[in-house]
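In what follows, chain A forms one complex with chain B and a second complex with chain C.
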Partner chain A sequence: MHKHVVRAMNVFRLIGLYFKVNLASALEYRASFLLQAFGMALNNCSFVFFWYIAFSQIGGRIGGYDFNDVMFIWALCSSAFGASHILFANMNSITRIIVSGELDTFLLQPKDVLVSLLCSKTSLTAWGDFLYGFILMALTHGGDAQAWSMFLLGIAIGGLLMTAISVTAHTMTFYLGDASLIGSMALEFVINFCIYPEGIYRGVVRVLMLSVIPASFIVHIPLKLARHFSPGLLLLLLTVSAAYCCFAYVFFYRGLKRYESGNLIIARM
Partner chain B sequence: MAKLRKYLVVTRISLQNVIAYRSSALGGLLFYSLFIFVFFNLWRAIYKGGEVTGYSLTQMIWYLCITELVVFGCRSGVYNQMNDDVKSGSIAYQLNRPYHYVMFQFFNALGNMVFNLVIYGILAIILGLIMAGPIPGFSFASLPFALISVFLGIIINFFFMITLGLTAFRLEENFAFYLIYQKLVFMLGMFIPVEFLPKWLQSIALYLPFSYVAWAPARLVVAFSWDLFWQVIPVQLVWALVSILMSLGMYSYGVKGIQAHGG
Partner chain C sequence: MAAIEVEGLCKLYRTRIKEEGLKASFRALTRPVYKEVKAVDNISFTVEQGEILAFIGPNGAGKSTTIKMLTGILHPSSGRLSVLGMDPATQRRRLSYRIGTVFGQKSQLWFHLPPMDSFVLLGAIYDIEKAVLKKRIDELAERFEIGDLLKTPVRKLSLGQRIRCEVAASLLHSPDILFLDEPTIGLDVVAKHRIRELILQMNREQGTTIFLTSHDTGDMEQLCRRAIVIDHGRIILDEPVKKLKYDYMNRKIIAVRFTGEYKLKEIDGITLEKSGRLGARLSVDTRVCSIDEAMRWLIAQGGVADITVEDPPMEDIIASIFEGGGQSLGGGR
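Coming up: the complex of A and B.
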């Protein structure tokens, strides 16, 4: 048990160090950093406008959600996406790194390969996504402590789930040779099911959102918990999310055994 | 005529190219289908909640199929291409070639856009028929006139994209402008018909170019009227001309600032 705790602490320390280095690098180009983050936040604001128009057309609820519910799932999805891309932006490049043979560099490092691979890049626009969620929450939920606590927990869970989805999709490259199409689409696909009320879908799609496309666990269940807290539902959320992330981790390492080095010589700066 | 012929050769080659690599369109087609599916569900839920003025649900689904076709299906990547050419300096290699850079980009993208328009058009018709059924009161006789508006919408969008890409000549980071433009097109027509906007915003939107990219063509397809046709086509023509002149102006302004250092 003690060994696992130490290992987990080491992983968190490694993620923290990568974060510090990546942030310092981003801040070297302050103007670009701020402009990109601001642009992304503004970009997201346009969807608030869409929902304002949609609700003002009919009033009441859409798919069982009111305006504040929609703003909650938007805020959570945006901040979770931002957090995952601030910390693990390399998730989008896994296929390219495997196919080009750049993975060799990560295999030689004395730390967890997947963690090093994911953390070695950050995204500037992700800061805009991350902060946008907080602003939206402050504007629509004010001091609602239950909503804020589920929002913060949801960022951690959602961020990890989004990363796990991307890792799983890109890991298919080990089996298929090139899964760039699946890799680039998987996360966007899931996000599309996160940003609209769950109630607009029926039957099979709802089942998929609770399984293969874990959109319900990223935003919809945290919303339910924010509105009506239930310890059982929280336990289910934590268990399924942990299982999904563990599956992605194991799947990557299983796939890694199939990797053959191309003897590419590169230097990481 | 000889000048035009060389550009048509560029279009033909790009069309052959995109047909040869047709499987790369698969991802886009899947996403197009996904967006239509999601919005079909969303608008169905909205219409269940109450009446929406100006459009029936069937018209609304077809409206989305057309706006997505114009904006999504006719993506050419020209913004990224120009941005990369300017930022990487590779534009310097294209300046001494026997063509105008902006016109080359247009005719090069045209092949891609023609291909996309055909395959996304077929998909739009299939999805529209499956999800919503035929458009009530639709007449094939009015379709060629609506297609003029579709064509002008694509031109306006394309040359504004070029203008934005070329701002890289003078600005270090221009991505924020691209996002703002894209979202204005989304919000003032692509996702929401202009008729749904508050009155004060409608009157502003009708003076701006953004609604003429997607709203005008889609409205003409789902509810054609000669009044609307004569109302939107002149405005589209003006904005098409403005966007072309802006892209050419931005190019000649930017090119003056290039400093080549060999390589």
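Coming up: the complex of A and C.
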């Protein structure tokens, strides 16, 4: 047990170190950093406007959600996406890193390859996504402690699930040779299910959202918990999320055994 | 004691082959045909602790694949490997604390940040205590003369300065073996010389074993006592550099530019390879005519504007090894 705790602490420490270096690297271009982060937050605001119009036209509830519920899932989706891309921006580049042989750099170091690979890049626009969620929550949920605590927990779980989805999709590169298309589409596909009320999905799609496409675990279940807390549902959320992340981790390491290093000229950005 | 032991090492790659054309592309979708390529083919050698070994060969010979198997990046298809008593394939993480690597084509420094930031991160990655790391950085900064560069973003450094920082970064955790894969690639003569000097100094003072792959014959001549030549995945020569130099590296290329029209008459040991209106390319067999003699003869012709002396390319040396002697390189072709 003690060994696992030490290992987990080391992983957190490594993530923290990479975060500091990445942030320092991003701040080398301060104007670009602020512009990209602010631009993304502004871009996201247009969706609030769309939902506001929709609710004022239709009125009442859409798919069982009122306006504030929709804002909760939007805020959570945006901040979870932001957090995952601030800390693990390389999740979108795994295929390129495998194909170009850039993975060598991480294999030569004594730390976890997947964690090092994911952490070694940050996304500037992700800061906009991350902060946008907090602003939206502040505007729509004010000081609702239960909503805020589920929102914060949801960011951590959702961020890890989004990362796990990307890792799983990009890991296919080890088997297919190039899974960049699957990799770039997988997360977008799941997010499309995250940003609409759960009630509009029925039958098989609903089952898929609770299994293969874990959209419900990213936003809808945290919203349920924010409305009516249930320890059983929370346990289910934590268990399923942990299982997803473990699967992605093991799948990546299985694939890594098939790695054939390339020889392109590489610089770390 | 041996630092590296390799026995019957093989690496096979399975590659898909496809005939040209659209029809063949569709056929390859349903009935793909694979071919096995032997990147490394049954090689065996030993490197002693403190030795500087040149592992040379032309592009695609299997040098990088071998180094990647020795460092645990790639898993061998067959054969036995031991680096510092460890199996790189199963003990990669443990081994990485004791080896350093510099891949001329792959940087471990953050491009937009000063080297110091990368050094601090690498220090944490290798679990080096803060005080020990600071002392080590100071020591390496002095030795590699990079003290002034540590706070300049890597993107603003010259290639020579960057490589010096790369080598320093790879030495932060005081490795027992340093793997250098084409460390001087793209460097000018002065920068190459500086890097070679530093590598030698490190080997002398700290007893670091150096495993160097390069297709620059200068790296081998100036750094190593022993060289292994590899081609098409097989070792074709394993002998002291001195012998290799005598047998196969007995030719220099002189490129000369004149101020006006010129006339050259070949003498013993000097062959005219190519001539233009204002310049010529000469091949000098150093067993017959020393570079000193060749230069004096050239100056005596008069009107010399510029002279460059080069080593023949590695591909030519490999070809001469296959041909079985130095004659083909020495006496002109």
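Just so we're on the same page, the second predicted complex is superposed on the first by the 261 of 269 C-alpha atoms of A that agree within 3 Å, B and C clash if a C-alpha of one lies under 4 Å from a C-alpha of the other, contacts with A are read in each partner's own complex, and residues count from 1 in each chain.
As a convention for this text, a contact is a pair of C-beta atoms (placed from the backbone, for glycine too) under 8 Å apart; a residue touches a chain by one contact, two chains touch by 3 or more.
Keep in mind that what you see is a predicted model, and the values were worked out from it rather than measured.
In the superposition on chain A, A:Glu28 makes contact with chain C only, not with chain B.
Look at A:Glu102: by the touch rule set out above, it reaches chain C but stays clear of chain B. Looking at the shared chain after the overlay, A:Phe38 reaches chain B, while chain C stays out of its contact range.
In the superposition on chain A, A:Leu14 contacts chain C only, with no contact to chain B. Of the two partner chains placed by superposition, only chain C is touched by A:Pro110; chain B is not. Contacts of A:Ser46 after superposition: chain B is touched, whereas chain C is not reached. Across the superposed pair, chain B and chain C touch chain A at no common residue. Considering their complex, residues 13-14, 17-18, 21, 24-25, 28-29, 101-105, 107-111, 116, 257, 259-261, 263-269 of chain A touch chain C. Interface of chain C with chain A (complex): residues 13, 64, 68, 71-75, 92-94, 96-97, 99, 101, 103, 105-113, 117-118, 121, 124-127, 153. Residue ranges of chain A in contact with chain B, taken from their complex: 31-32, 35-36, 38-40, 42-43, 46, 49-50, 53-54, 56-63, 125, 181, 184-185, 188-189, 192-193, 196-197, 199-201, 205. By the touch criterion stated above, chain B contacts chain A in their complex at residues 26-27, 30-31, 34-35, 38, 41-42, 44-46, 49-53, 172-173, 175-177, 179-180, 182-184, 186-187, 191-192, 196-198.
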